[in-house]
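Before anything else, here is the set of structures, which you'll find just below.
Heads up, the next two complexes both have subunit A, just with different partners, subunit B and then subunit C.
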Partner chain A sequence: MIQSRIHRGKIFIFAFLFVFPLFCMSQVPERFPKPDFQTDYTRPDLLTPTPRATALEYIDIFVLVAALSLASYFAHKQRSRRNIFLLMVFSLAYFGFFRKGCVCSIGAIQNVSYVVFNPAYAIPLTVIVFFILPLVFTLFYGRTFCAAVCPLGAIQDAVVLKPTQVPSRLENVLGVLPYIYLGLAVLFAATGAGFIICQYDPFIGFFRFGADFNMVILGMSMLLLGTVVARPYCRYLCPYGVLLNWLSRLSKKHVRITPDECNNCRLCEESCPFGAIKKPDEDVPLETKQVDVKRLAVLFIVLPVVLLGSGWVGSRLYAPLSRGHATVSLAEEILLENSGKRTEMTNATKAFRASGKPTEELFAEANSIQHNFKVGGWIVGGFIGLVLCLKLIGLFMRKRQIEYDVDKGKCLSCGRCFAYCPYEQVRLGIITPEEADKMGSREVKPKQFRA
Partner chain B sequence: MSGKTLKIPIKRRDFIRRSVHTVVGLTIGGIGGILFSKSSSEEMVWQLDPNICIQCEKCSVNCVLPHSAVKCVHSYSMCGYCDLCSGYLQPGARVRDTGAESQLCPSGAIKRTFVEDPYFEYTIDEKLCIGCGKCAKGCNSFGNGSLYLQNRHDRCLNCNQCSIARRCPSQAWKRVPASQPYILKGDESNKFLKS
Partner chain C sequence: MSPENRDNTTKSSSRMGYNITKRVAWIAGIFAGILSILMIANYIQIKSVDPLNSKAISQLMTRLQENPEDTALKEQIRALDLLARKAYFTHQWQIRTGSYLLFAFILVLLLALKYMSSLQSRLPDLSKSAEPDDTWKSKLLSRRYILYGGLGLFVLAFILGILFQTELKNVGIVKAEGSRAATDFPGVDEIRNNWPGFRGPEGIGIAFHTDVSTEWDGSSGKNIIWKIPIPTSGFNSPIVWGNRIFLSGADRNTQVVYCVDTESGEILWQTELNNIPGSPDQRPQVTEDTGYAAPTMTTDGQRVFALFATGDIACLDFEGKRIWTKNLGMPDNHYGHASSLITYRDLLLVPFDQNTGGRLLALRTRSGDLAYDQPRDVEISWASPILVNTGSRTELILNSNPFVMSHDPQTGQELWRVRCMQGEIAPSPAYSDGMVYVVNDYARLVGIQLGEIPEVAWEYIDDLSEVASPLATKDIVIMAASYGTVTCFDSKTGERFWIQEFDDGFYSSPILVGDNVYLMDMSGVMYVFKADKDFRLISRNELGENAMTIPAFMHGRIFIRGEKHLFCIGD
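== the complex of A and B ==
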């Protein structure tokens, strides 16, 4: 008797919980008839202000082309740090504060990944241009985009006060982060889980004078760190920087520290705040070289193992990763509720139940998304494993370095080191060639100036 | 020089470099070409589907703008012009006066004007509206559902990832073409019908 009453009560609660919201949230019926006005009242129009005109987007493209060309000109032809700096300030003002940091080349990676796997999405022309153009320029002139055009780079560059050199071991370890970030960003965009680069952009809050609290804290600490570790986001996070790094190594022309020939005077040694200057090797004895070859052989053998291993780890991470997708997390909540493990409904589950969509459909969707995450996890994991191996191989296969030169991958073409070179000072007419030659042999500080 | 034997002759290295450069250049060009074929010259903008929205109030606080780009709009073609408006008055408000304490809108953004007996017109002052959707919830639950939320494109920055979209519990947000930037209810929806 009591049991059945409880049962009836349960049914009632159930009906109330599920049917009532269904009733009020499904397409609302016309509860009150539309009035027939006797007076000459006319219904006002619903105003629909239009988005920013497409023509203005073309201005953005124009500014981008102009800025990239100027940056390359300043870095290669003029070798002028001052002009690069001024252009950087302009880019910060235009792409950062005026255009509020959107859309940027870094974020465009995600639109590109998204369109590949979601053919229904028509990718806007501006986004393509912002993605492709800096890559093309980098393939020809090095990372001049980073030097003077990227607003994220600019805001960090503006706070470089007392840069310190990061120990090379730490640098090597941290240098893997951008690859992981790139892999995850592509994975999330491709599966439709969202654009994490935009979500965790630490500086966008400054451009818009507002963001949520956590992001403001993150941005602040990033800038604070940036006063002593120059451009931390660029060097240890930026996923677009990964692509630029690859292309810059292949660049047709790249800035060099000296306009002439390096005489190993060491004056520029500490001048790069980003640790992008390669020092000449001390002569390596023959034996170590052979040891290196042996190590290399071992590496080639373990390479497939590392690839498979990290691929496997990546695919195993599908459960926590796929929870970043709204559909999967919704399905998990529904599952919890249906199994009675949770009694309180969330807004999301309420909305889902009100929509009248069958649960099986949701679960099927969630399953296929999880499957995508598994496959994607293999690929991303394998990619990161490959990067690790290549980095190790790179450590053993270093090209012989006989003079001071920029590391083409890491160098941002910012032009800071130019003025340290005595031959640059000759070029600028500050000192005579004889003085410059002497500087090489004696440890004389050149007359220094900085923009 | 100890490593002489390992050195690749300069000429050959140059050749390899140049070929790799060309191949990569062509690859980028190819990617660009494919992307262009999938592109539209039109921007995509964010909009919320009012038929899915559950008026959870997240829209008012999650926009990157200090004052959300989402505002309430009113479909006059659907409105019953009720005296006892469930979007305007607090539920259970006994007196149908226009005092702030009996209004549903926390910022007093809805203006009520007498049209003719027994009809009242409700208009929204967007400068005051904070996009909380309280009125829309009221109207949707007990009225015709003529009050609803929309992302207003004179304010929206069109972020690459809308920060409301990813927090919306009902997944009501989507990218729409810039030429059809609103998802409207009632007769007004004809405004953006594709011809």
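== the complex of A and C ==
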């Protein structure tokens, strides 16, 4: 009871301390004309980090390699939650507050997408490395990047106070969101509309001590939610997490809960705040299986229709989506002004009109961009339709689970579950194998699950 | 020490650690709370001293506009502005510093809470009986959720796609009467078959529809087919394309374009043009006999164009919908801007000779984009352009002080100039058979022979026109003066054939309709006489109200804008 009161108190304190003052912080970067002060005036620092010298970029790469190596070592060899946590704190300090969240692997998706469709873009080496290296490590060792290197994950991990388990059905539905976000981010980057992952990074404002008001609110909401739903951004939004999830499923080595064999003692059952522990399950009746096979067959039959339909719907969204592109937005503003629907000129339209550039040229450019959005909308829509279908197909598939194990796609390799396993205690010399065996036999036997 | 004592000691030190951490957490929390309150107060304060929206400064600025030479007021504004900016940046600094401190306190609080949490062992509750994970049921529910969620997403995206349409796809596609493509512009025949601008096709005062009435009477209604009031006044003349008449009106508060049906006289639509980006807040000073809507509109058969004394220029389609609008900058014109518009191919040509310098602007008819802005080293002018084929090329000719100038309408490039004018120029040029005729009061009437080097062929210095433009045919030139004389000359030699005096003066210009000249005086009396070396009056027709505009002649009808009404005259 005392404990629950403490937790309630913590959440209240966080709500009070974060939301209101950071609401004020959000006002810091307001645009303001350069003042004409006396000579002792010093211009305030920029919020976005200035470009780094090449040598320092290599240091960033070195730190990334070192952090990924250490994270993998701590997770696989040492199985040390404490070291993973300490490394996570370091990453938060270095990649987050010191490097101000840039360059980051999540945002690098956009640079890579952009360069694919705009070969003239000179993508920095650092960005490529930050994009590829975590993927490579994940392919070998699982999502150790998420566990201890990603600053966005770290800041959320730091505020996990009383995590609750999200029902798996909800988890499955929310798990579609990162795919949508990924699709949109690639679409926006490829069409040159902008890097929405960076624009809507909810935590960048904290790293830089200043951000747009809405983003601070979003970040605060994420952190507040993160006190009870661990790492909500990582699980339900992170587009890079989609790629890491795919590769982690294929990972050569992946952390396991137990260093030995699982005796189904259930001690680790609730240890994962991310819902990444697969529990032993029971078989289903034959009739149910037969019904599911029929449904699966229907799903395969309608799959092409779903893909086409979702692609078409995606393409119809070109008008609202393309407004995210500055050229299209400007063209629409000019059009509004010309038609008299808008009375006041914006700074952008004033600048455009002063430039002497023909509006027909602008409209032609905007039309071309909208065409790209239409084509991209087909692809993204089809992709989302495919993801939904694959999710459904995955939910029809069945693989018997007879012991507690991690879900390799979802598991962030954070090591929280290690200490709950009796055989981990044995490995650390805290208890004897016999004591561990008793812990297993004391509660429930595996066969009871399969009754 | 016994194991029991050791246990007790451990527990005791653990409890002590917990209590200390708890206190640290409380202290950090209280400090963070205080800091938060201070920052909130700071935020509220910072909003109230936003210098960009300072009411006090705005008021002082308004006062300064009224009295721009007030140095003390300027100093007061500067001081207040400096104060507000200093306050703003001090608040910014406070917020920044507060953020750092807050961050530190929250960090301490977090660490303390984490440590407290770690001291409290939270072993899994295994007291509950083990329930087998109902994965299959959960998957079934998940499938439903995803199915419904996917359908919801599909529907939402579909609705968004319908709701958020773009106008951009329709840009450049203008609905036009007939089947002419949007990129087209009217040919010479089509222009001559209509009345597209000031003084008709090409702006030279020659009507190509000659089957019009020579007699009417406004007071008795004889040959008046219809007569409608025009709500907003303007000295611009009606233009006609097909079965639509266009004219504009403006006063200090509003600017409007009217479209009238030629058959019924019904106002088909009227479009207010008051919200034009860049339009000046204050209307310019204009004289009563110029007004806010002196420039005559023009059309290319798909779009109509209107210009006002504010510098606002608008392009509408034939349904009255805005295609584009813009402001050309407030004309620096002590009477009010009066030069009319004319189109050439896909260009809208705007003579813009002001006190600040002369310019010839060309805007793209479809978009309003500036095609060129040709400077002209001339004085201010109120004359309108003519656009004539002089044999091998089309020239835009403008009467101005001191030069009569010709421009390539496609590029704006000057083709030739002749120094022969002076004063405040209002009459537009006339053209016929390789000669250009220009006139101005207190200057001269000049016949310029075009050629490799255009030169003055003859000039005449009496009974000069102040506003009305001359009319030229192959044989004669007719000039009407504001004090009531009409003079006819030999177009080649300048020899005066005849001079006639009338009751009232002329602002309206003579128009050649077949063999007849139609000329209306300021009281609305139209004189119809033969375009001949001898003066032969055919008729004298009263409109019933004053008129200073140019009549339009189309399909057996004459459209005249009087002071208050638009008249349709026909047999």
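Rule of thumb we're sticking to: the second predicted complex is superposed on the first by the 388 of 451 C-alpha atoms of A that agree within 3 Å, B and C clash if a C-alpha of one lies under 4 Å from a C-alpha of the other, contacts with A are read in each partner's own complex, and residues count from 1 in each chain.
Convention: contacts are C-beta pairs under 8 Å (C-beta built on N, C-alpha and C of every residue); 3 or more make two chains touch, one makes a residue touch a chain.
Remember, predicted model here, so these are calculated numbers, not experimental data.
*Asks:* In the superposed arrangement, does A:159 touch subunit B (first), subunit C (second), both or neither?
*Replies:* second
*Asks:* Looking at A:132, would you say it contacts subunit B, subunit C, both, or neither? Reply first, second, both or neither.
*Replies:* A:132 sits against subunit B, while subunit C stays out of touch.
*Asks:* Which partner does A:55 reach: the first (subunit B), the second (subunit C), both, or neither?
*Replies:* A:55: touches no partner chain.
*Asks:* For A:343, is the partner it touches subunit B (first), subunit C (second), both, or none of the two (neither)?
*Replies:* A:343: touches subunit C, not subunit B.
*Asks:* Now for A:297: first (subunit B), second (subunit C), both, or neither, which partner does it touch?
*Replies:* A:297 contacts neither subunit B nor subunit C.
*Asks:* Kindly classify A:115 by the partners it touches after superposition: subunit B alone (first), subunit C alone (second), both, or neither?
*Replies:* Once the two structures are laid over each other on A, A:115 reaches subunit B alone.
*Asks:* Touching subunit B and also subunit C: which subunit A residues?
*Replies:* After superposing on chain A, subunit A residues 24-25, 27-28, 32-33, 35, 37, 44, 209-210, 284 contact both subunit B and subunit C.
*Asks:* Going by the contact rule at the top, pick out the subunit B residues touching subunit A in the complex.
*Replies:* Listed in rising order, the residues are 2-3, 6-7, 17, 20-21, 24-25, 28, 31-32, 35-36, 38-45, 51-52, 54, 56, 64-66, 73-82, 115-116, 119, 121, 123, 140-145, 152-154, 156-161, 163, 166, 169-171, 175, 177-178, 181-182, 184, 188, 191-192.
*Asks:* Which of the residues in subunit C end up touching subunit A in this complex?
*Replies:* Counting only subunit C, the residues touching subunit A are 29, 32-33, 35-37, 39-40, 42-43, 46, 52, 82, 85-86, 88-89, 92, 95-96, 98-100, 102-103, 105-106, 109-110, 113, 116-117, 120, 122-124, 126, 130, 132-136, 138-147, 149-150, 153-154, 157-158, 160-169, 171-172, 273, 275-278, 321-326, 364, 366-370.
*Asks:* Under the definition above, what is the set of subunit A residues touching subunit C in their complex?
*Replies:* 3, 6, 10, 13, 16-18, 20-25, 27-28, 32-33, 35, 37, 44, 158-159, 161, 167-170, 172-173, 176, 180, 209-210, 266-271, 279-282, 284, 288, 309-310, 313-314, 316-320, 322-323, 328, 331-332, 335, 337-340, 342-345, 349, 353, 356-360, 363, 366-367, 370, 381, 384-385, 388, 391-392, 395-396, 398, 401, 420, 443-444, 448-451
*Asks:* Name, in rising order, each residue of subunit A that touches subunit B in their complex.
*Replies:* Interface residues on the subunit A side: 24-25, 27-28, 30-35, 37-39, 41, 43-44, 46, 48-52, 54, 57, 100, 102-104, 107-108, 110-112, 115, 119, 121-126, 128, 131-132, 135-136, 139, 194-195, 198-199, 204-205, 208-212, 247, 250-252, 283-286, 289, 326-327, 330, 346-348, 350-352, 354-355, 400.
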